[in-house]
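For reference, the structure is listed below as structure tokens.
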Amino acid sequence: MNSFGRIFRVSLFGESHGPSLGIILDGCPPGIPLTEEDFTADLRRRKSGSRGTTPRIEDDLPILSSGIYRGHTTGAPLMLLFHNQNTRSEDYSRFIDTPRPGHADLTGHQKFHGFNDPRGGGHFSGRITLSLVAAGVVAKKILHPVSIHTRLLEVGGESEWTEILEKTIENKDSLGGLAECRISGLPAGWGEPFFDSVESYLSHIIFAIPAIKGIEFGAGFSATRMKGSQHNDPILDAEGKTATQHAGGINGGISNGNEILFRVAIKPTSSIGLPQQTYNFRTGKVETLAVEGRHDACIALRIPPVIEAATAIALADLKLIRQSTTKTTHS
Amino acid sequence: MNSFGRIFRVSLFGESHGPSLGIILDGCPPGIPLTEEDFTADLRRRKSGSRGTTPRIEDDLPILSSGIYRGHTTGAPLMLLFHNQNTRSEDYSRFIDTPRPGHADLTGHQKFHGFNDPRGGGHFSGRITLSLVAAGVVAKKILHPVSIHTRLLEVGGESEWTEILEKTIENKDSLGGLAECRISGLPAGWGEPFFDSVESYLSHIIFAIPAIKGIEFGAGFSATRMKGSQHNDPILDAEGKTATQHAGGINGGISNGNEILFRVAIKPTSSIGLPQQTYNFRTGKVETLAVEGRHDACIALRIPPVIEAATAIALADLKLIRQSTTKTTHS
Amino acid sequence: MNSFGRIFRVSLFGESHGPSLGIILDGCPPGIPLTEEDFTADLRRRKSGSRGTTPRIEDDLPILSSGIYRGHTTGAPLMLLFHNQNTRSEDYSRFIDTPRPGHADLTGHQKFHGFNDPRGGGHFSGRITLSLVAAGVVAKKILHPVSIHTRLLEVGGESEWTEILEKTIENKDSLGGLAECRISGLPAGWGEPFFDSVESYLSHIIFAIPAIKGIEFGAGFSATRMKGSQHNDPILDAEGKTATQHAGGINGGISNGNEILFRVAIKPTSSIGLPQQTYNFRTGKVETLAVEGRHDACIALRIPPVIEAATAIALADLKLIRQSTTKTTHS
Amino acid sequence: MNSFGRIFRVSLFGESHGPSLGIILDGCPPGIPLTEEDFTADLRRRKSGSRGTTPRIEDDLPILSSGIYRGHTTGAPLMLLFHNQNTRSEDYSRFIDTPRPGHADLTGHQKFHGFNDPRGGGHFSGRITLSLVAAGVVAKKILHPVSIHTRLLEVGGESEWTEILEKTIENKDSLGGLAECRISGLPAGWGEPFFDSVESYLSHIIFAIPAIKGIEFGAGFSATRMKGSQHNDPILDAEGKTATQHAGGINGGISNGNEILFRVAIKPTSSIGLPQQTYNFRTGKVETLAVEGRHDACIALRIPPVIEAATAIALADLKLIRQSTTKTTHS
């Protein structure tokens, strides 16, 4: 549903065109220094504006509405609130009758019996990821000194994508992308078998991000073509350092102290300017739909900080869970 | 941790060489007919014995220990119990000093401060999946008439794998594989955004299965090289039937009524007969380890029924969650 | 922690003197008509102003920040937001050194290592119950046509309390009270043994309300002095109607279709004008503390709508859980 | 449902007359020494045999089925298994038509649509508490050096109960009782506001025990008749020691470092030999029911170790949760 985590638990709310959106962070340890400025860097990375992203520009400054006192977290729930502005709701009303292919227009309608908010994708909007990125800023502080770096490897299958991006924008079409996330400094012993393996926890939250359709850890899908003698990572020292990283830093669902590595498949943006076929629920016929309006030609360009934040949220929870059972001593 | 699900909640326990293993199924609706024979087919599919699988043979018949009365589920927790037999624990003691590459020998030791049961992989053993398969039999009954079919597409990168399998067994090496799961008959509207998308829920439980290193839905990683105009699935009728299946039957994290499709990457079995390098914690040196004993040259051969069961468990829970909020009427 | 419920899940945040407080309602079924006016009656009942309650007056109108569209719930999280005004924070700063007896000044400090917000009790303030009452309004709609009625039976041990209240206010002291909650129209079959009995679920949330120190169902503590032949409620018809109500409408943790009845013990308000002894952490001595400022001489006067709301929240979740497992049919 | 706890999570299963019953303990820290003998003392305290308890005698020795290796917990789920013997199922079949007043015969039938196991109360049997007591033994080890003591204060309203007990047995009637639980050595800072106050957590699990109908902390219901100046506990030193214990060791839902105290109301055993009125679902008439068979004239005599175990389970979880957020340091 709309919360994630066992100890460090985030609960989000909001729609693209409603009055506000935000996220509650429960289980946040007290005493973490936090100011509004801490959010600037990651929110800017997520922001639209560069070539291939939507021209909808907002000054997204989080309001620290609770759980903070004299510049530090208090231990009470932290609420990060954003107000929506610059919404143009008139663009979206007709998608109730003619659902856009690739979007949640139809499934949202089916799931919520027609009561869902269709404006700007409502609760399914990519704008919701703004809250994730903000929560990730706090999660990264909990994880300190663990560091997480996500970057785009390919757009439209190309590692040099300027040309294909320009051409695709010109054609009113869209592109997908491939991202890579590397986590360094993570100690061995995180992850909670059987069901809450590191891969399980990370994939759960990563697949919550709109447009993600695949994830692989370490060698991933290429491991299906390797021999065991190639894939197994030789262990080199008492810290568990391995010669290769085919396991992506995870054995038996538990971090092994090496760098954690995974890759994420991002589908092409569903919103395109080209005409598409869809069913018209009013006329009962398949029709051609042409969608105007602001959107990203390549949402993958904006997703790396979202992946990073989601990763941080899941790992912060695994860290706190790990702490819960390692401190007890018995005589 | 060792339970999964919100309403239909499974909780497992057991080790490879302990007295018993099993799984509790809570939240199971009452009145489902169930006998021990219902488990025969799926447990046999998972069983070892064919070429490329371990010669450890056990008669794995589940004991229905609770939650059943006069051949039907009662609504109380269902306990499916298996006793371990035919264990050869002497094989495993030395892996505490010289952890096997690719296994959880080292991470299990690190996580549990040396108190983990090392015999046969202990709680990390693939034998634990026996309980999953048994639970899946019940989950499939809850899901009726939804049907789930999993099959192996490739072993070692080959769709015709007899030859490569024989050669690899001869070389005392191992192979990975690629599996595909198709779910038909699933209604639109399942899945709980934001965090419990269908992809999130399925990937969470699939990555709990040992040896899984990747998952992709619909077009998956190939979607990263597609244009939006290619990837978007045109909608054809009032039931939401689509012309193509690039989304894998899921939009916005919610089932769209079409077939659900995902593929899973299975790494090569970690246990190999070939010598490998590992660190010896007693001598403090990197040494060559040669592992004898019974194991699967290709664990992928036995994983399809496990994937199918895990899928059924996750979907059964999504079905019950779905039912919880759709029944209420308001005047 | 700060969320409650399995399907209908509420997550609250906020402090007495922070910028805002509120509550997210997840799992709320779509299509429930809801306007700001719906909150007026219950919020007014909770409001201060009558004799024996704090003179802090606020216009508490909830902002429906998400999860609502065209006057109906959408199925996405509903966010009910309140802004704080009329705060007088200067009153509270010294309670860090000299914690007030009966309050959470000291335990909040200990738990959160001194980082808690002390202003107005911070996250421990009774003001937090404003969010509960607002969430209760929605929960009651989910429960329709079940009705819940809470009333005060006694104040300071008296069923006619005008006199004792006046005298206690005059003495700058405070009073406790005894409340009764009756739930009618609840069908048989709600409650989830073993651990989520109706009593377990209700007591869990009722004890979250500040100042509650006891709860009893049906005959409750007086049952300890009854014989089984007196206490057992004779069953009279096919609907399970009973001749007496000693079980409080619950057998084996499950509602039996009769009226549910419980009573709640509310301690006297901790804030009193009379001098009290406490430890001064700065001087290291036990000192006399005199507390000025606005507070309720009898918080019990304002608690009935809070008990009612908490009850509604817990029951709404039990209703949705009940629905999740009763709909499945098996051929 | 049938599991309790966030980190230290217990999941139980089983019926009175099924093949076995037991409990899984997940999240148990590794390295705790544990043998079957550790269970002897508490299980003997719960055992029947003394005057006023059922003559059903069983040798209840737990089988440690998983999660233990070389005499210590491993960190994997601990499974405590009991086999049922000495069952006399013929006694119970007719209670489907004529449900016993006070029992869950009718509510169990209603909840589970007639599929529940009626033999010996099935999953509603007091025998299920055997698993709780066993789990409590492990929980107490996690809590070390916290100590919990539960004792019976009254039976049938008398603090000297030999006479009333004899007379009630003679009359084929039954008695209730009042128990008190004291917890010493518990540090300040446990409990997780808002919803998981110490009182919330304890009452949740205590009300899961069959026959419990009330709970009060500290002064409890008598606090409703006290003034604030009487009820507030003066703070005496830097450890938070208080002069009185009216709050029962809990302020704002958080332990304050003093002894924790609560009392529990236990209703008279529902099973009595005297004739009672109930509805006959077959004949459609109210009839007189006389119940023979083995049962406890006063179940309260056997409940103190169950209360103690339930308390230990809830507190062990609160301890592990507490540890999860107190270890993180931030520079």
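Note that the chains take the letters A, B, C and D in the order they are written out, and that residue 1 is the start of every chain.
To be clear about the criterion, contacts are C-beta pairs under 8 Å (C-beta built on N, C-alpha and C of every residue); 3 or more make two chains touch, one makes a residue touch a chain.
Being a predicted model, the structure only gives us computed values, none of them experimental.
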State the chain with the largest centre-to-centre distance from chain D, centres being mean CA positions. A
Of A-C and A-B, the pair joined by more C-beta contact pairs is A-B
Can you compute the centre-to-centre distance for chain A and chain B, using the mean CA position of each chain? Integer Å is fine. 25
Averaged over CA atoms, how far is the centre of chain B from the centre of chain C? Could you give it in whole Å? 43
What is the distance, in whole Å, between the centres of chain A and chain C, each centre taken as the mean of its C-alpha atoms? 36
Please output the residue numbers of chain C that touch at least 2 other chains, ranges allowed. 1-3, 7, 12, 27, 30-31, 75-76, 111, 113, 123, 193, 321, 326
Looking at which chains touch, is this a line, ring, star, complete or other? complete
Chain D-touching residues of chain B, taken from the complex the two chains share: 1-3, 7, 9, 11-15, 18-22, 24, 26-27, 30-31, 63, 65-69, 72-79, 81, 111-113, 115-117, 119, 122-123
Touching residues (chain side chain B, partner chain A) in the complex: 1-4, 12, 99-104, 106-108, 110-111, 113, 123-124, 128, 154, 156-157, 168, 173-178, 188-189, 191-197, 199-201, 203-205, 207-208, 210, 212-221, 223-238, 240, 242-243, 246-248, 250-257, 265-272, 274, 276-279, 281, 284, 286, 300, 321, 326
Would you pull the chain D residues touching chain A in the complex into a rising list? 6-7, 27-33, 75-76, 141-142, 144, 193, 319-321, 323-328, 330-331
